[in-house]
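Next come the structures, one after another.
In what follows, chain A forms one complex with chain B and a second complex with chain C.
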Partner chain A sequence: MSGRMVGARNERYRVAWRYALLIAVALVFVFPVVFMVVSSLKPDLQLLRDTGSLRAFLPVGDISLDNYVAAFKRAPIGRFVYNSVLVTGLTVMFGLFLNSLAGFAFAKLRWRGRAIVLSVVIATLIVPFETIAVPLLMMVNALPWLGPDGLTFGWLNSYRVQIVPFIADALSIFLFVQFFKDLPDEIIEAARIDGASWWQVYLRVIVPLSGPVFATAAILKFLAMYNMYLWPLMVAQGETYRPVMVGLQYFFQLNVAWGEVMAYLSLITIPVLVFYLLLQRAFIESIAASGVKG
Partner chain B sequence: MHRIPVKPVPELVRQAAASGLGPGRRGEEAAGLAMAAPAVILLVAFLITPFALAFVMAFTNQRLVSPNPTAFVGTRNFTQLLTVRPFMMAPLTDPESGATLRDDTGAPVYPVLRDITRRNPDYPQFDGLRELASWQLGERRLYLLASDVVFMRALRNTMLFVLVVAPTQATLALMLALMINQRLRGVNIFRTIYFMPVVISIVVVSLLWRFIYSPGGLLNSMLTGLTFGAFTPVDWLGNPNTALGAIMAMSIWQAVGFHMVIWLSGLQTIPGVLYEAASVEGASALQKFRHVTWPGLRNTAVLILVVITMQAFALFAQIDVMTRGGPRDATQSIVFQAVQRGFERQDIAGGSAISVVLFLLVLSVSLLQRYVTRERAR
Partner chain C sequence: MTTTKRSLTALLAALALSGVVFAQTTLSLWYHGAGNEVERAIIVQIIDDFNAAQDDWRVTLEEFPQLAYNPSVVSAALAGNLPDILDVDGPVMPNWAWANYMQPLSLSDGVLDGFLPSVIGEWQGEVYSVGLWDAAIAIYARRSVLEANDIRIPSLDAPWTFEEFDAILETLDATGEFDYAFDVGMAWTGEWYPYAFSPFLQSFGGDLIDRSTFLTAEGVLNGPEAVAFGNWWQSLFTRGLTPGTSQDDADRETGFLDGRYALQWNGNWAAIPALEAFGDDLLFLPAPDFGHGPKIGGASWQFGVSATTQHPEGANAFIEFALQDEYLAAFSDGIGLVPSTVSAAAMTQNYGEGGPLEVFYELSNQQSLIRPPTPAYVGIALTFEKALADIANGADVQDALDAAVDEIERDIANNDGYGF
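After this line comes the complex of A and B, so read on.
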């Protein structure tokens, strides 16, 4: 056997070894998810019995969608999903608009105080939301609102309490500023000389050129809002305004029906996973972009 | 929406525009203010105001709903939270001979701790305190007494969580990033898989792992299977010795992909030429890592440590879903305590005081990290 063949064979072993390691680590990351989906299809007794063997990861035995049917009967899941989609969707939309507008003002317009205001905005990044949750709760409990019922006080149990405080976002503003700074000034000046107002410059020149940063900000905001837990737990006590994460409490009364829990978890997780798998490059790049915030 | 074509601007006009005199810059001051205002006003209203409120409320007796008017109480909330005093307890002595009293087995007899901390006129400084920890030193006993034992445990657990999770997670994330950075076909599929738990809600992840960690759960049956029955199943979340560790492991599992991606973007800024040069000089894989990869990752390392530390200090959802602070306060965390008091017990002042302590802690740790890493960079 020639030396080159031995080398090639060693190389092949080495590659196989690397793939084996990559796959072993991958199993560590997927097993809870596979377990969740598979378990959601099994009756409780079989589910508990199967955890003792590899059957826990295989859709075998008495497979059905009964748990999903039971879960829908137990809790107003449709309502929870509607609430989550509404709150997340509106916050992302308003957030993209106002944060990009502010980002544009900070990056491209000259006005008095902009440097100091921007540095205050950036400084707020080190305040964890958890440290302001309690005083914010007290504050929204007293805020006025002018609605169909006239002037009312207290925002608890509403959509606005889950949306309005989260529209402005220092991280989004920062991402927009970074992106807009790199756009050439000449295109803005050209538009201005053509008679475009600043508003038109934003809408017709800046926005069409900034797809990637809008995608990044949208994904980060979407993940944060959809997965939010502490705040809705505090402010949405009735089921009318509860999002999916807080709706989970319905499944933990007295005796836990694990099959239904797994069905509910699958139901609220799979759409996000599908979304992630379809757009995985954009998702991962968003996180990498958020990493510059230190 | 049509795009305005980019066209060359005459140099004079461009200069005039840049100097703020020409037509290009008209109304800029007003437009800038108007465009920044909505987001800035919202940030002031819903972030800076509650942040400032936390500092004010922490010095009052504010409750969410209360018949009594709010009053300033000075630093009482903080002394209530943070008071810790050592107490050296000597054995009881015979009032006549002065000899140490002993029981039948010859062991010294000690006073009852409760007699010292319950309105004892000799020890006003220990009034109302409770035992946090104690050590036997010869025939004496050293007690650490605290006014808020639960909060002290929360503080200790959170610090422990940060100290274990930050370095472990950063290291594991770097190892994953190095694995993903190999030139192998299909390696991006693995990147997608490793990152996947990041997009799943921490609430969902916590519930799944609660099941995995249960006495008859997946982890125990896997360990029993792997050791052919030699392993005795553990109630991972029900045992005070394993509960915090179990939550740490799960938290790392969930978030490690996030930091892997940040390491990866750091790795990709290192020019390939450097590796080629190292190969030409016959460097081993380990030498390449030490002399090429690691120096190129210094800024990324600082960033990752700061980000993980900040995330770790905010430990809440895992605790709320998995253990609610138990068993025997083994998994209390600072944020969990803030929410317990500020929200569940409607004690806004107490919750705010905890928030202020947390913020000062996060601030000082991130300043410290920046200071230490700056020294090293020089």
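After this line comes the complex of A and C, so read on.
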């Protein structure tokens, strides 16, 4: 009896320690976000002075929404968020479709040279974007487009120039290949015997079984696209097409308005949080199942 | 009948007006000041005034945030997509002129008479750009602190000498009242380093490059004068007189205002908050004379004409229009920078006679030295920044400067002398 009580007490201690440790680790990750949001409510001078103490994480002192008002006056934040969400959303959507089809072809179809082509695709992961940015710029600047003005050349200053080059993505293809490989061939063979075409196999069998990998690929692609800076800097010369990360530079003047910077960052973090919360269950399942993380 | 006549008249008037609009040729202007509301309002006002003042040209504005501006222009040049008119940071202009992004200005005779030399961007004997303002640096100090420590207040005619200045830093440090005696702003990386610190080197007698040939830095960036500068620079950190490279932005912004730094090396753009904090107690002091005259950096953002414009006459007409004193004064009042002419300075709230920032105009006029007007400057700036940071962190002075010279000369050789 006594032994059981001691055991139960030890178990409670272990749980308490575990939770204390987890909370401490969680705080490390949460603190920057808390700092950002709290700082967005403070005047610049107070914000800078508070950085040296715990007050940096507390909504104390002269608290107001003035920085948000000023941030909206300084930059067309709504336009930037709209641009980023549109570009990111379309790239993720088309990317999931195209890259999952590619992954399916690599994982489940038998064709000559499959291994070599997959190796080449994966090898592109080690090529930094900066090295291909200039040739890519020259290429998109020469591409034709049929629009309301007829046939024109050059894609600069448009949404398509921020979307199309990033739809095909080696990391996403790799994720899909890895996930699809683990799906049993028997269910595909059964579908084929029942008369399903490859397209139907993909759409009716593979996709419904692959929620976690779609969520993972979507989140990783979303983050990469939403945080894009160099490419839109090079190709979106008009404010009309500028995304949030380039918009952040509006706040770095000779005297940096740090409170407004924090307000802006708090605002542009919202779409990322919403997107992650929508897909978090599938994302965690995917990590648990495959050990893949971003 | 009357209604029909009125309608016809209105229609004709509308057509006539639209005819005027369509007769104007559109010129694109790229500007680096996105996010600065005041600056934007003034530039838009100039454009509106110009568009209304004549029938030939219609300027349209495309704004970029400053930190995104240069890469955007370079990308546009690669894509053959430059605007008609662009603004350019003064020390970068020779690089863009050399790279054929810009063409020489063609302004009326005498238009630039009376302008500060530092706002006129020249390369290879031709004017490529002109600035509506300049920036200037001074030592921020408090009269009460200097007087309490029996420190002479210097003037433009009688700046502190090297020995005097160094002794002052030791005195202020010895009081124990301050975290640091002299904040040079190590937290502000990038262009701040060559802009703010190369004048110290030049006042010691060194330079970033040999300005007689613009082909070598040997002997000027690593000669005895430069090494003397480097040794003094390093001693600022080893003696604990100056915050080092780990200084964060918050300390840079608030250290002097909070009284933790006794003196601060800062630009005129930071003057208004300091004046609000200290009022009449605040002093803007000239750079010390380290042996070859007191120096500060010159040249800020300037307007120029792109090499690819089909309408250089329109682009030049706009720039000439923008150089009116009323606009120079408006920019100065709006964003606090030094107006380009003495007549514009007289029209401003701060830089006119008896104005709180009057001293900055004279600092620009008497002490400013433009950064080397060579396309190599873009690389020199990065190399110099690294060398100064390395020396501040304890690197051997001679080795660091020799390495910088090698790097600069390698870059110049790789670019066939940049046209020199």
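Note that the second predicted complex is superposed on the first by the 226 of 294 C-alpha atoms of A that agree within 3 Å, B and C clash if a C-alpha of one lies under 4 Å from a C-alpha of the other, contacts with A are read in each partner's own complex, and residues count from 1 in each chain.
Keep in mind that, in the parts below, contacts are C-beta pairs under 8 Å (C-beta built on N, C-alpha and C of every residue); 3 or more make two chains touch, one makes a residue touch a chain.
Because the structure is a prediction, the values reported are computed rather than measured.
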First (chain B), second (chain C), both or neither touched by A:Leu223: first
First (chain B), second (chain C), both or neither touched by A:Pro148: neither
If touched residues of chain A are counted for chain B and for chain C, the larger one: B
Partner chain in contact with A:Pro128 - chain B first, chain C second, else both or neither: first
Touching partner for A:Met234 - first (chain B), second (chain C), both, neither: both
Partner chain(s) touched by A:Leu137 [first = chain B, second = chain C, both, neither]: both
First (chain B), second (chain C), both or neither touched by A:Phe106: first
Touched partner set for A:Gly52, first chain B, second chain C, both or neither: both
Which of chain B and chain C A:Gln249 touches, first, second, both or neither: second
Shared chain A surface residues [contacts with chain B and with chain C]: 48, 51-52, 134, 137-138, 141, 230, 233-234, 258
Residues of chain A touching chain B in the complex: 15, 18-19, 21-22, 25-26, 28-33, 35-36, 48, 51-53, 56, 98-99, 101-102, 104-106, 109-112, 114, 117, 120-121, 124, 126-139, 141, 164-168, 170, 173, 185-194, 196-199, 202-205, 207-208, 223, 226-227, 229-230, 233-234, 245, 248, 258, 261, 265, 268-269, 272-273, 276-277, 280, 283-284, 287-288, 291-294
In the complex, chain B residues that touch chain A: 1-7, 9, 13-14, 17-18, 20, 23-33, 35-36, 38-43, 46-51, 53-54, 57, 62, 64, 176, 179, 182, 184, 187, 190-205, 207-209, 211-212, 216-218, 221, 225, 253, 257-258, 261-262, 264-265, 302-304, 306-307, 310, 313-314, 316-317, 320, 335, 338-339, 342-343, 348, 351-352, 355-356, 358-359, 362-363, 366
Residue ranges of chain C in contact with chain A within the complex: 30, 34-37, 62-68, 71-72, 75-76, 78-81, 248-250, 253-254, 257-258, 267, 269-270, 273, 335
Chain C-facing residues of chain A, complex: 44-45, 48-49, 51-52, 73-75, 134, 137-138, 141, 154, 156, 230, 233-235, 237-239, 246-247, 249-256, 258
